[in-house]
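Shown next, in structure tokens, is the structure this report addresses.
Think of it as A, B, C and D in the order they're written, each chain with its own count starting at 1.
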């Protein structure tokens, strides 16, 4: 079946054109004007913008944490993504089996039957030994070209600096990109222990015990480790002015250093943690200061950060009360677990559905970034970096017809009623947004149409990824 | 008539796609796959790259200087441009008539009948008073959205800082972009006078009397003037590490500061001026040091400079001997005028035809920039900045069919025999280049086809430019 | 006659010692412990600090400006200085006679009979031609090793950049230090004209029409001119963060760039100009922002600025009302001249008597600088830079016995009642200060003793200065 | 007994004066002119410079390493120091006993009977637990106010980052200064293992396996740890441009960060390791590149580094052959131990006797630093920082009469024949030096007099140190 998206303004990472798009099956065939409509289904995009579907490279669906689990699974999370204009997601595999192969298989088991948008995986490396070293190169055969390491969470997720150095060298050799969660684990552990001893248990202490200076230090440390290993590196969820300054400096020296931030680090600060419902904003790394949000925005604007992802990892604010989701009553323990102790609050925020619309209003409408930069940061760049391009991340002949029709003029009051995450709160509750998703197409099929869901479990495909790119 | 460019790899500022291009008359209609060929002329681009025609925003055709004139006119220069893959040029109008309108008219008189590619003009402002101030806003009605000022050439071209500040404020108000030639005129004059007194007359003294520190100072000065005027600014022919560092710093503070360099500043240094035929490399500002070329390359790579133009302003090396050009014997006084005195050497270099091929080999093949960056810097960015986009600078439905078919595999020995400038030397004589222009299309017409010229005098159109863009 | 200052704590630019000082006539003979007291007058300094007398290298006594004159002459100004612990002052000579020699003579005529502390002169160069160029080297014979140039006050005091470059080259050759008042004169004139046209006449417009960015630009410009001239340079009255950052950068590259600030730039901002009596704070360059005062403090603390002087140039706030000074009624037109027009407010502030005590409280007591740094910045450094050392600026055997006995424990309410300037207001009125001058010795003679004046007209000597120093 | 040092030029960290010095017993009584000579021994210093004795805060006497021991003990090393103008040394205590108290006692046992100049100790903290934490504050009672930690030498000397953070917090609380040896231990171990596997065993591999980037990273890391701990920090033996840039940056933000370098890092590079006798230059951290030596010099010149010490830790080049020392044949295994394997070369260099004379010629005579800076960096600053001041580090009444009489005009050919280290080689063999030690006084006693030794075992005193200073 053929479809024409007609009369829209097509936006790529560098261009803006009034054009029609002809889709044949799952694939874009033509971008042009005056395309004959015969035998085609026609979608009118008059007055609308037409952009490649969003690519969110940082999600955690159904992730066990503390005494609960993140409340979106691969279905509910994908559905929320689609409503927010995102058509590809990359989730992180926990290294909790004996072999990497088993870990990957386990994640496929969780995801494959549920997936409603296209997806891939990063592999967390949280234990490292010779066996892991030997197994790492096989990831490419499994379609995975990226691993994540941590400099924090001592005795849980952290690798030591030597292990990270080794992973970087293997990765370089085998075409894997190393993602890093950079915070100073040692300092955090000491400060947390001290805070608890002193009875400092409220949410804001989550931030005070994870100091920005420790993050800035760790970012610099891993950049230097990567420099010594001559390997590319990608810093996840950047949130400090000092950290993005280090990334910028490294890039200007020509080093292959890249980084992402997430919307929460552009909008919220430790002041939000001081609210009565402050635990809603608990994530790791924590939200910081106004100076940091300004610095991170600056890095988005000038390209020092290449990607905005979400680190989507939602929990209920009050997991004692069920919510209704697709006709079922759902109740999952959440933030309330840490009422007496900030270290027990599940770390993470909902966001996969919010990303594009919040960023459009506060980025594009607010004149911080252009529509082309918007596409670049949320779709083209992540697709290129992680080897999804040109299948994903662009509207070009031959690419998958993953397309968002965007109404730039419609205004809404945003919040839980609009977003589709399987949780009881939204960070942007009550925010006025201008510019919303009208339709989302996944490989040619309209899965979201003016708020109506046409997608389904298992319709999303695992994408075997190609070469990473340094941009 | 319809044309299809078939099976090429289409390169934009951000994307790379295997696709066909359907041209209807002067306009691109469709970019797609499997486009029906019936009733179409077919150009095979199999194994070739297809890029938007180059946009060279800095040329000086038929410019009177000292006791001669630059040796390419709007026809010969345009022809050389087309052979080099460039389809749009912007030339600078001298302010040598009573009113700006008269100056513009005079330039049209020189250009309109000769133009062989599309073109526009910048207006030099080298005298400033209340009348000029009043006339400036009318430039927009004449299709011109940019003016150039000089901080050097005292008593000839220079405006003082206050006048530049005033021009910036007017420009900001009226949507004009101010281009600046930034060198320190005062210091130059003192050093030149001193050099001549001491009998230092050889070409290298051209460079020694125009110190880099003076340029770096002037770049900073005009950036601060623009900051105070809250106006955007565009630095022409940047050539010092210190200068591009200032541009980078300004951009990172979010200031609307942009800049270009030219190939000569990426490849040559004062050592070239010390050759026996050093006067061939005499241009203003002068070529500098290895540290400077490295710094300027870095700025091209990281986007601190947005454009590479040519400052094409050719002279004969030995103007006493005629050369043959389109069947005629041409002889124009040239560099030999300054044999006894570097201050009498006409300042300027040929380059409009060299730009793309030299930059491809030493930028793209050498792995400094990607093919997308190549398109961005040489075509899309200049088109956007100067209000030519989306008519020029991109391969999109609706855009002018200004297209280059590029053979990335062909290797040649470059030099005067290949380039078509109307002069007797080439800066890149004997250089081995890989990647050359196979065909050049101007608004759908193939004007260069495997080294054969199908263009003609007067076929180029003046482009009435739109809004400038800050990128 | 011999004098012993006994039991004090002697503070130098690097050392702190409990020691006695033996003075023989005008000269320090010995610094030691257990010095025999026979035949000596003994001054007890128990519990007191003993420091070299202050050196203020930036004063304007009896300076004609607009329709008035600065209200301290060389006697009243020197007396105020002595009460504030300062024993040497350097005043600026206006270039208002035909020859430099005549200008210097005229200043001697004003100063020699009145001087109550030791003194010297800088020569302003506000007109430059070949005659001036020829006369400049003779300054050294007149005991003067420093000249000042201006980048602002177009058509009054300003030299153009070429002239400044020439002065720098002559100065370098002849061992003169070039002081620079760096603001952007062109921009100021345009903004002032515009402000007046719009009826913006209140004091704060003095600051708004002299933008910080223009100063920052000019500082950088003269640093680069000096770099090209290979000459040392000394920036006067620095007041912007951006400006001191440029000085710091230049110094870190090893360039001979030095600078001073004045107390007003450490304590006051444009908010003070918005007070009802804002004209009291009108000086040029103007006071700036909190960010600037913080930046300037930082530069004082880390040694990027080497000197704190005063730019003492007092006017009456209300010159219509006489004040009593040494038994006389004095009335001199003052700040009220500019009530309707900020451009007519005489530019300048009282300060020579305030400098040390205000800086002690807010610098040393506030723990920003050490007592040694205090001595360094206010006495040793200026003495060294301007060729007064080791005669002035230190307590060493062989040096002039210019000494301040300082009571670090006494607290006072400061203001006009305490300071001795010949004007009707004080910038620090009502400020609580801790640490005050108890005695001031000039070449062995106690000229201030617990608030009683023992000095006199003509007792100050002109100091023929030696070599400048780069520090 | 009283002594007068007559007619010399006395140099302090800030002042230069022609003056005599009266010493009474061990103490300086008077600095003055025309001091009566009766009953005094007179030392003529006419034409000489008189400076405070050098303070070397980084030595390793008789330190066991690998299968040998550093070849100078507290006597031979002190004697070499005195010949080189140094009168105080601080040695590092190994933490190789059960308690810190026992470690300190052991070091006293090694040093007290042998000491020939005054001395103190730093305490290495290479194992950290609660007992150590509890014992640390007692160091102050033992006269010790400084501890050293390592980020390298995994499983031998290194503390992990959390332990360093804890030490910093304790140190801050108890007035201890933390010295840090900053290299990246993890990376070194990996690279060393790899090099050995590949048979890369020559001396230069010592440097290649300890990359500069790892040092730069570690310097930054500990600065940030100190920032988070709000503790001062002192980086030992800095040797990279990147490292000193971090120290400079930190200081400009007002952080209490200090650092030293050693002569070897000012003069030698990895090229010296490539010589046939390259092992002579093996020390840790290694000598680096020309760019690094230039950067470190710059930091010395501009005060970003406050101290030059030696890290004196000599070994024999050929320990199989005895040398004669004070009549005895001495033979200690040395650099030859690592002939087949760079990891077995004892790390360390002789230097305590070379420091002042080498630095004078290449610092002062070469016009990089002034004589005052020389005194500041080699004597006053280290004395102040480590709480020896004003007893040591200055020529002031009341200070210890530790004095060097320096002949600035004498020229020598330097080397083993001149220096007195107990080893068979000298790094500066054959260097021409101008400016040498004529006499060295320790607390009033002339212990070196024109090359003759008058000192003795046990004449040096342990100095119980006072408060550290941040400078």
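Here is the rule we go by: a contact is a pair of C-beta atoms (placed from the backbone, for glycine too) under 8 Å apart; a residue touches a chain by one contact, two chains touch by 3 or more.
Everything quoted here is computed from the prediction, not taken from an experiment.
Q: If you walk from chain to touching chain, how few steps can bring you from subunit A to subunit C?
A: 2
Q: Counting C-beta pairs in contact, does C-D beat A-D or the other way around?
A: Pair with the higher count of C-beta contacts: C-D.
Q: What's the call on subunit B versus subunit C, same or different interface residues, using the half cut on shared numbers?
A: Interface between subunit B and subunit C is built from largely the same residues.
Q: Which whole number of Å gives the spacing of the CA centres of subunit C and subunit D?
A: That pair's centroid distance is 41 Å.
Q: Using mean CA coordinates as chain centres, what's the gap between subunit A and subunit D in Å?
A: About 52 Å, centre to centre.
Q: If a residue has to touch 2 or more other chains to count, which residues of subunit D qualify?
A: none
Q: Where on subunit B is subunit C touching in the complex?
A: 160-162, 165-166, 184, 186-187, 189-190, 211, 213-214, 216-217, 220-221, 224-225, 227-228
Q: For subunit C, which residues are in contact with subunit D within the complex?
A: Touch residues, subunit C against subunit D: 12-20, 22, 29-35, 248, 251-252, 254, 298, 301-303, 372, 376, 380, 390, 394, 396-399.
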